[in-house]
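Remarks on the structure that follows.
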Amino acid sequence: MPDTTQPVLRIEGISKSLGGKQILDSVSLTLHKGELKVLIGPSGGGKSTLLQCINLLIQPDQGRIWLDSEEVHVSRKRDLYSFRQQVGMIFQDFNLFDHLRAADNVAIALRKVRGWSRRQATERAMAELERVGLADKAELYPAELSGGQKQRVSIARALAMDPKVLLLDEPTSALDPELVGEVLEVIRNLAAGGMTMLMATHQMSFARALAKEILFMEGGRLIEQGSPAKLLAPGAGTRTQSFCTRLWDVSEREHPAAPAGEIGPAGTC
Amino acid sequence: MPDTTQPVLRIEGISKSLGGKQILDSVSLTLHKGELKVLIGPSGGGKSTLLQCINLLIQPDQGRIWLDSEEVHVSRKRDLYSFRQQVGMIFQDFNLFDHLRAADNVAIALRKVRGWSRRQATERAMAELERVGLADKAELYPAELSGGQKQRVSIARALAMDPKVLLLDEPTSALDPELVGEVLEVIRNLAAGGMTMLMATHQMSFARALAKEILFMEGGRLIEQGSPAKLLAPGAGTRTQSFCTRLWDVSEREHPAAPAGEIGPAGTC
Amino acid sequence: GEAPQEKKAEEAAPAAPAQAEAKSYINGIDANFPPFAFVDESGKPSGFDVESVNWIAEKMGFKVTHQPIDWDGIIPALLSNKIDFIASGMSITEERAQKVNFSMPYWIIKQVFVTKADAALSLDDMLKGKKTLGVQRGTSEAEWLKEKAAAEGWNFELRYYDSAPLAVEDVVNGRIDAAAMDDAPAKDATAKKPVKILGTFGMKEEEFGYATRKEDAELLAKLNEGLKLLMADPYWEELQVKYGLK
Amino acid sequence: MEFAPFLTEQIIPAFNRGLGNSMLLIVPSAIMGVVLGILAGTARAFGGPVLSRLAAWYAALFRGTPLVAQLFIWYFGLPNLGIYLSAYWASVIGFGMCSGAYHSEYIRGGLLSIRRGQLLAAQSLGFSTASTLRSIIIPQAFRRALPGCGNEIIYLIKYSSLAYIITFIELTGEAKILATRYFEFTEVFLVVGAYYLALVSLATWGLRVLERRLHIPGFGRT
Amino acid sequence: MPDSIEAIIQALPYLLEGSLTTAGIVIGAMILGLSFGVPLAVAQAYGGSVTRRLANIYVWFFRGVPVLVLLFLFYFGLFNLIGLNLSAFTSAIIVLGLTSAAYQSQIFRGAIQSLPHGQLKAAKALGMNEFTAITSIILPQALRLSIPGWSNEYSIILKDSAVAFVLGTAEIMARTHFVASRTYEHLPLYMTAAVLYFILTWFGVRALLHLERKVRIPGYAVHQG
């Protein structure tokens, strides 16, 4: 199980401005091996920007990043590429390669980055698609896939590279409850296998069910962090707590008589 | 409140094949004035395809559609355009107009379809953006918006046209809990104002909180339909019921000791 | 073909309304054919043919403008009334005579070889010494050399150029050994480039004439009569001297 | 003049000879053009400050000057530097270089239409910049540029006729020789027009097949 | 080379005058080409089978037949036949413009087809008719993406306008030939013409590049250079 002594990924003081607005304001965090941290917060809070900065897809204005206690320098292209190979990413809007079929979307990095043969790569790609229940859609292009199918291809694509660290940007937003369950299971297994993960999500059940720690992000800063139990405890008085009970109010009003146990912390919280 | 005597939208026997596969298989449904029906089902089940067929964005192979008991014929272009003006649509992947700022994304149809002046249209657009909490992002282009912001612009765009019927394809997938609550509130108000809605969603709390009826779709067919209370009752033995309890299992296993009331029908159900 | 002529007439002589009845004609010229026709330093058409025609026009009482036009398009332009005649060093040939009427011949022209000024090659070397010769494509010398070579077993290689001056350019570059061309432009070339005229190479002499449309007998008559007058006038000699043709 | 014997005895043999020469020009210069175009177009969009500047100048120079002038320089100008190219090679190099400049602009247009997300996704998987371009960006950009590049290939077919100016006699050269000799402009140009039309039709058809084969669902044809 | 420099200086005003003719032809033909090219592209991308076929035939014909031949056919043939007495200059604009429309349509079509289908769907879902959807959603984006290709077409017509000399419009290239034939200063004069063309192209291309940057959609493309 998680070995918390060894930081796998560490970022310090990441700041970023876009269009003249400060989007990230000196964000620091550490991920230990096998740890899963969950990033939550209001829309536009900077979650996606942070994840992309960690991967250096967006160049932070300031800040430093270490992987396995080696600092990552953008200027050394080699290092950058190998860093990114080790840090997988699942995008909020999938960003599948439009010109490739599902199987090739998964296989292409194996071939072009890892240098695998076409056969090897396709075999692995099929195995990954199988894992997310898409073996029969391998031949379809992104435009022919449903929302949930696209999202699953993007998950398969990231997993196929066997990354050390995985950054997940709302990986289940388009999935139905059954699939959410399955993906959750996959994530749990990855964590058990020592994968380190940082996940932005709006589905608080995830945080509750899996995360060791919740990071609450608003206005480009991490304003609260702690275990789910601590932050979400009823009456904890945290921002996280109030953020997550909004939906509750709504449901409550509609079905005032419904037993709390059933509708409960409904929907996303 | 809802006047159920008068069917606003009726479809009958809609079928569609794509890429040699039957995606929709003779789907029929009726929406009465002020009614909100929720479409759920596994990923790839055909929800998005159905919504787009209703709007005739995808040409169904078979089937008929009535709005206010007038049948809609594709061949009569005039009718088709006025039909679509009355039937609003929120897309699963937003489909914002890339070359227009948020405000213009909302205003363009008012100007070009309704023939409003630029000023009038912009005023209304700003009001709609305000309603979804985006007044300060009106000047940004789609590529500069976060996932949740894009989704809200697409909601504002549909609402600005004051449609009679609204088709919503996962309108809250990218929203945080606070916003989900707000959008839910908006939808509730619309329903109260007599808007007729058909919403595909994975967030079962919606169905529970708002829907009069749930339609369960799998493999291109509506296989179950009924009130949330009926379909979701514990032990109802329905496909809907089993579909929605999958996530529960997962959470349960992780925190076996957690009080059911807290984690409850966690996540999406 | 009346309308464009009248229009041209107004352009050419706006200051002479009294002469409005005078017929006005457009002469199409190949402005790449000095000294017969070219465009001078001030951008105006000039040359031996141009000045001859001007003299004739004045004598015969018509107006004329000179329109430079691509050699490839010059006969179609004549046939479709865009121009009215061609006085621009055009050889009288059988093929052309089927399409247009020619005036009386006014000039005899010989075809010569032009070589580098310091070349020490004889005419015989040119024809039988496996040399490379340049010609302007579509000219009579090009055709003659090709046919004779086949008949006589001459072994030179022919290279086709867009205009004779370009062939001279390649003589200077050393890519070809000689250019075959009319003697008048050849003389012009020797004045401007380090080349010399090697001499004629046995081709029959050719005659230049003015070309008109077949149906335009009136103009042809005027041109013929004008030419006769001009060639009898001392101005004819003067022109030849001016353009280095004597 | 009788048209039928003129056609069979003069035009057709001359034109078929010219056609062969035309193909010898077109095919290698088209290939050279596409390759140069992809390199230069990509360099303009993604090459660092130096490379993109260089590529931009290449495109500006070769698009900015008439092809005839370029051919003149390759053929009549280089001898001043002691470089003697044959008419054939001067033509192929001249056409290829010029064509590449135009292709580069179409490719750049194609690159403009690729969304950022595609680049981000590739880089997140550890692709180097070069292999991102090679495997992800260019394949998409090329597809989108293809109709434009088709234009350039068709222009090339037609411009190949300029080779006659530097003495390489291909289809148009043969036509001009015949036409100016017999003054049968209409006939000769109708026939040469038919030849070019056939060549262009072949290219159009080939391009359409290529476009169809490279078609990606979700873009293009509805 | 004092001779050649003298020849160039001598010829310059004459050539500059020719560049006005060239510019006139180019601007006319580009505008004509644009106004025919856009509908052709739309017909090819969205037209029914008949419209599409007609547009294909148009493009095939005008791309297939050399401009020189078209000039001959129209100026000496068609225009004469129908009694249309157009000047060589106007005729050149019409023929070059109609030809350019065929090429421009392919550039626009490429751009139209690089837009994902979703946006057209969204426009239709808002009740827009095809015309509005295309003119206010598709074309604004497609035309942006067409600017590089369009600059190609500009620089091609600029130089193609030289063929108009078969009709007798003496633009830059024809004038260069004249002067070169008289002075035998071929190379320096062609260089001068090339420089003139280069300047004209450079200004046009610069202006288009500026336009391209100005209308660029923030954050959209990979390529910002």
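Order of writing sets the chain letters: A, B, C, D and E. Residues in each chain are counted from 1.
Operating definition for what follows: a residue touches a chain if its C-beta (ideal position, glycine included) is under 8 Å from a C-beta of that chain, and two chains touch if they have at least 3 such contacts.
Because the structure is a prediction, the values reported are computed rather than measured.
Number of steps on the shortest path from chain C to chain E, with steps defined by chain touch: 1. Comparing the centres of all chains, each the average of its CA atoms, the largest separation from chain A belongs to C. Of all chains, the one whose Cα centroid sits at the greatest distance from that of chain B is C. Centre-to-centre spacing of chain A and chain B amounts to 26 Å, using the average Cα coordinate of each chain.
If each chain is reduced to the centroid of its CA atoms, chain B and chain C end up 81 Å from each other.
Look at where the CA atoms of chain C average out and do the same for chain D: the two points lie 37 Å apart.
One finds 17 Å separating the Cα centroids of chain D and chain E. Of all residues in chain D, those touching 2 or more other chains are 76, 115-116, 118, 143, 185-186, 218-219, listed in ascending order. Within chain E, residues 72, 116-117, 144, 186-187, 218-220 each touch two or more of the remaining chains.
Within chain A, the positions touching two or more other chains are listed as 19, 93, 98, 143-144.
Those residues of chain D that touch chain E in the shared complex are 44-46, 52, 60-61, 63-70, 72-73, 76-77, 80, 102, 105-106, 108-116, 118-119, 137, 143-148, 150-152, 154-155, 158, 161, 172, 185-186, 189-190, 192-193, 196-197, 200-201, 204, 218-222.
Remark: chain B residues 18-19, 40-45, 47-48, 92-93, 137, 140, 144-149, 152, 170, 173-182, 184-185, 188, 202-206, 208-210, 243-244, 246-247, 249-251, 254-255, 260-269 touch chain A in the complex.
Within the complex, the chain B residues that touch chain E are 52, 55, 57, 77, 81-82, 84-89, 91, 93, 95-99, 108-109, 112-113, 141, 143-144, 157-158, 161. Taken in their complex, chain E has these residues touching chain B: 118-119, 121-129, 132, 136-137, 140-141, 144, 217-220. On chain E, the positions that touch chain D within their shared complex are 45-46, 59-60, 63-69, 72, 103, 106-107, 109-111, 113-117, 120, 144-149, 151-153, 155-156, 159, 162, 173, 186-187, 190-191, 193-194, 197-198, 201-202, 205, 212, 219-223, 225.
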